[in-house]
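Letters A, B, C and D name the chains as they come in the text, with residue numbers starting at 1 for each one.
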Amino acid sequence: MPRLSYLKALNRCLGDEMARDENVVVMGEDIGVGVAGVTTGMLDRYGARRVIDMPLSEQAFTSFATGAAMAGLRPVIEFQIPSLLFLTFEQIANQAHKFALMTGGQTSVPVTYLVPGSGSRTGWAGQHSDHPYGLFAHVGVKTLVPATPSDAYGLFASAIRDDDPVVIFAPAGALGVRADVDYADLQPVPIGVGTVHRPGTDVTVVAIGHLVQTALAVAEELASEVSIEVFDPRSVYPFDWEGLAASVARTGRLVVVDDSNRSCGIGAEILATAAEEMRLAAPPKRVTRPDGAVLPFALELDQAVQPSKDQLVTAIRAVMKS
Amino acid sequence: MNPLELYRVVRLIRRFEERAIELVRSGEIVGGIHPYIGQEAIAAGVCGALRTDDIITSTHRGHGHVLAKGADPVRMMAELAGRVTGLNKGRGGSMHAADFGLGIFGANGIVGAGGAIAAGAAWARRYQGGDQVAVSFFGDGAVSQGVLLEAFNLAGLWNVPVIFVCENNGYATTMPVEGGVAGTILGRGEAFGMPSVQVDGMDPAVVYEAAAEAVARARAGEGPSLIECMTYRFDAHHTFEHKARLNYRSEEELATGRSRDPLDIAGARLSTEDREAADAAIEELLAEAVRFACASPKPDPADAMDHLYATGLRARTGASA
Amino acid sequence: MPRLSYLKALNRCLGDEMARDENVVVMGEDIGVGVAGVTTGMLDRYGARRVIDMPLSEQAFTSFATGAAMAGLRPVIEFQIPSLLFLTFEQIANQAHKFALMTGGQTSVPVTYLVPGSGSRTGWAGQHSDHPYGLFAHVGVKTLVPATPSDAYGLFASAIRDDDPVVIFAPAGALGVRADVDYADLQPVPIGVGTVHRPGTDVTVVAIGHLVQTALAVAEELASEVSIEVFDPRSVYPFDWEGLAASVARTGRLVVVDDSNRSCGIGAEILATAAEEMRLAAPPKRVTRPDGAVLPFALELDQAVQPSKDQLVTAIRAVMKS
Amino acid sequence: MNPLELYRVVRLIRRFEERAIELVRSGEIVGGIHPYIGQEAIAAGVCGALRTDDIITSTHRGHGHVLAKGADPVRMMAELAGRVTGLNKGRGGSMHAADFGLGIFGANGIVGAGGAIAAGAAWARRYQGGDQVAVSFFGDGAVSQGVLLEAFNLAGLWNVPVIFVCENNGYATTMPVEGGVAGTILGRGEAFGMPSVQVDGMDPAVVYEAAAEAVARARAGEGPSLIECMTYRFDAHHTFEHKARLNYRSEEELATGRSRDPLDIAGARLSTEDREAADAAIEELLAEAVRFACASPKPDPADAMDHLYATGLRARTGASA
């Protein structure tokens, strides 16, 4: 079986979707040359009509995509850095997201916003290292954070085919992940459905994005001590509450590991919904970035702010004890 | 363009606004409106130069554009009154009225937001092989908004068939143009390589001429344009101003501003019979609009989150039962 | 004692702070005329040098204020509508918020962003009716939502004097609230300290902004049935976790009523932290807007999306039962 | 302006960048840098026209500006290496280097973000009664960014003593200027009423002249200016390009672009002795910078959230112990 990297999976998916549907066009900065790797080869295959290099006018090109989408196309936008989602927040949350309801269902805005390399890219410092998926979950824009190459392929495909705006975070820490895949198995993965990467009976660890690998490593390391179920929601919004409830029903304990700011993050939502609706044998725990975190430049500091394996181990042990 | 048709549109908008203001006063329209009175020649002239399959984006002060582009005044009035029979099923109201079947990609509550949307829609039509054009209406306040200037850039770069129509009514709410706009409005169009002209926005025939030229250019693949239409807002920024007197325009200025009325300018070109016949038909239509709006059912609160997602995804509610 | 409205309290505070400190300047749209009421009279009192009417260049004037703040001033920005916070999200969350850390403490950005009339202003529809304080809590910008006239005065004063950026939401539903106040009692209210508006023993209701009034009304109505403690955090970030813990320690039960979107909102954070750290006798509940809510125009729909008294009563009864 | 001083600054930046690239290669600098090589004349010329108490904002490609404005190369190198002795105590790195004591309001990771910050700072100084000016440096890519165009508007409206310096190096990453900029860069300045000139950005003396004129105007209360400096980026957009060869500039183009070197242009005006003496002093200084940077302590992970709030508020940590 071929070994596929996460980044290559995104690239493959984009190529396949553009082949499948002529309405798919891709817009972004330096995508012709393919600086980020997702669009590599697309300009040659599909030409400048469908692969449109953008000037540094992110707000306008985001709403340009909204207009094109309402006129029938399915634009994919590649954002070079996560903070461009801050810059275009009005255009996504207040325009693209709202058109369907505000027009009484007259239109739809099938745009996909992809950030390849979200979160900390070592040494890129404070303005390039955020993981703001919680913001989109709050405003209600569909938000995906694939963890594996086949989910990267499958969720990207679903996003492109979805009739609503969808944001996809491809964490920098996941881009290099590789897996053996049969190309024939690469299929759309439904939005809003999580997956259990490793079954367990003592505690459910919900891990987001690249931290799925961390959670799996910890589960393996602690295998003799505690049976950990690793649940990957894949979509942070809409969230697979049924899948989570089923897992927690099995384990009765909950830890979330999430590389985003603590307050009002997806970790908060998971704990809140669990507290409301699920039966827990012990208080749940979150391992996150600190409140209001800004990633400092120096490597030691940057890493200190991100959730670590050790913190996860500590949290799991604490939950098991209480 | 037929003077009768231009007059008819100006008159329809004027009287629609006046009837709508009555409904604001009587409480049938909740939240108020931004009246377009005084600026009707622009919507009439520009939309007169468009085909049904051309596209527009509009603003918070959008009724005129929406009506001139052909939306049914009856369903439009129902929308303002928040009824299920409205253009947007009562979900949009004054600031979001839309009719996608007629290329009306919506009024918009965010100043300057429509420019890039119009450009993207126009670009998509060309991508699809069509020869449609798009028009983005906006005010003098909007030319200070970054995203609109960015949209000028995109349109200029790719020769997008979009026409940017700036309605310079002298004010952004209470801010006079000189206070908000450094340099000139035309200079902003020229900076991005667009043919940019200033015209009398009180005469629908003049606006029509300028629009027809820009539309022809865009349709022929010769790219975007900026048209600055000089006009004056006769009424309040928003109906809230009817209660809260704001002190920013003198009586003299108001009188001068109102002295050139597009209704008179357009009306003077018609015979009395034609004008009276047009007026009567409009009165009847608007009487029906008001009647229909007030008689139409209000939406069911249980449906509040309908249409939130085009896919039909149902959002979790805010309180479990 | 004079009767002071919430809006007048904001106006009074601004006047007092401008008198106290010449470095305080105010920037916004239509503030000379005083369309929103907060700045009424300021132009006459302090002149166009300190009361600066802004063009529709929100992004630039937000960062203009950042620059002025780093040069030693204390700008107050008035935003006419809550969605301008979406438009300026990059400038607040990614610039103003980050300068202190990124420069290693060389500078500070004492800017106050005030939104008078946040949340639903009846009939203003989808793009004017949000309550996005959760977004700022997530990125870690200090975020205040006063509920009463004296808190409006006191928190606004603290915000202006604070050396960090601070966002203040003045909910449309609170602007008209009036209270008898002795002007001499109008004082800065510390950021990050909540208050108990009504003590109770059975359940803690955390209410945000204008919903404090709703919670107090419900507490009164249900007084014979259940003893409700109404806790008003006042700051949603930083949050008064100690104050909340003390209240929950007394009552053992928790309901949050919050007029913002459910997922990843402040309600989620409160439930999550309570689940982690506090002992609850029954599963907590939230009464919020729906996930991803867009306020529809029609009055009936608009109101259906906001938390109601009935929903709060139902939630309290449910929590008491379990 | 003294040719020796201009040369010295050009040379210092050039050699600083070369030494920094070595440290990127050796891993002492993590994350890479955006080299300023080829564009040094601009920083040297513009900052040569400024006083210590004037203000600048810089960009992702900011080392040149920061050094030319007077930052200590030793502490700057320590910053790039992420050491507590760095300008920002290792918290900022290449893209956020700042020295507020010298009016250096920071490099910035967001393209176009510095313009409004510089304008606000300049405006504040005037408010405080000072006669300082501010300079905002940015690239040709930034002129498509809405917030920068909005900043032009504010500066134009209020005669803010700010100078906008556009370094047109032909590309925004891989996007050629013609692909990203509709109309002209100068037209954007003119649209907002600013005197706007294009100058040779390879000659520090030419840049200095233009900057001195704009600074004098700003200081005299005559308002903002735009200066477009034509230049060429000799090296990669970012050091990641040293590994990932990107195909957007031909060998011919590179050769032509590099053929006019600010170092040669500035150096040709000096005697050999002066030049050699300056070079030697710079080598020594940079040797010390590298030594100091590498020898300085790294920050303690426990302090990661230090300085998050100016008030000292401590954020909740991400994991309870």
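Here is the rule we go by: a contact is a pair of C-beta atoms (placed from the backbone, for glycine too) under 8 Å apart; a residue touches a chain by one contact, two chains touch by 3 or more.
Worth saying up front: this structure is predicted, and the values here are computed from it rather than measured.
Participant: What chains do chain C and chain D have as common neighbours?
Facilitator: A, B
Participant: Based on the averaged CA atom positions, which chain is farthest from chain C?
Facilitator: D
Participant: Roughly how far is chain A from chain C, centre to centre by C-alpha average, rounded to an integer in Å?
Facilitator: Distance between chain centres: 30 Å.
Participant: Could you grab the centroid distance between chain A and chain B? Build each centroid from C-alpha atoms only and quote it in angstrom.
Facilitator: 39
Participant: State, to the nearest whole Å, the distance from the C-alpha centre of chain A to the C-alpha centre of chain D.
Facilitator: 34
Participant: Could you grab the centroid distance between chain B and chain D? Build each centroid from C-alpha atoms only and quote it in angstrom.
Facilitator: 44
Participant: For chain D, write out the residues touching at least two other chains, lowest number first.
Facilitator: In chain D, residues 88, 90-92, 96, 108, 110, 144-148, 150, 153-154, 157, 179-181, 305, 308-309, 315, 320 touch at least two other chains, as defined above.
Participant: Where in chain A do residues touch at least two different other chains?
Facilitator: Correct list: 55, 57, 59-60, 83, 87, 90, 94, 101-102, 125-127, 140, 238, 263, 276, 285-286, 291-294, 296-297.
Participant: Counting only chain pairs that touch, give me the topology of the graph as line, ring, star, complete or other.
Facilitator: Contact pattern: complete, every chain touching every other.
Participant: Could you pull out which chain C residues touch chain B in their complex?
Facilitator: By the definition above, chain C touches chain B via 29-30, 32-33, 35, 53, 55-60, 81, 83, 87, 121-128, 262-263, 285-294, 296-305, 307-308, 311, 314-315, 318.
Participant: In their complex, what parts of chain B are in touch with chain D?
Facilitator: 144-150, 152-157, 179-184, 187-188, 190-194
Participant: If you look only at chain D, which of its residues touch chain A in the complex?
Facilitator: Residue list for chain D touching chain A: 29-32, 82-83, 88, 90-96, 108-112, 141-142, 144-146, 172-175, 179-181, 244, 246-248, 298-305, 308-309, 315-321.
Participant: Note which residues of chain A are touching chain C in the complex, please.
Facilitator: 83, 86-87, 89-90, 93-94, 97-98, 101-102, 125-127, 130, 132, 134-135, 137-141, 237-239, 260-261, 263-277, 280, 283-286, 291-294, 296-297
Participant: Could you pull out which chain C residues touch chain D in their complex?
Facilitator: Listed in rising order, the residues of chain C that touch chain D are 25, 49, 55, 57-73, 90-91, 94-95, 99-110, 140, 142, 162-164, 192, 238, 276.
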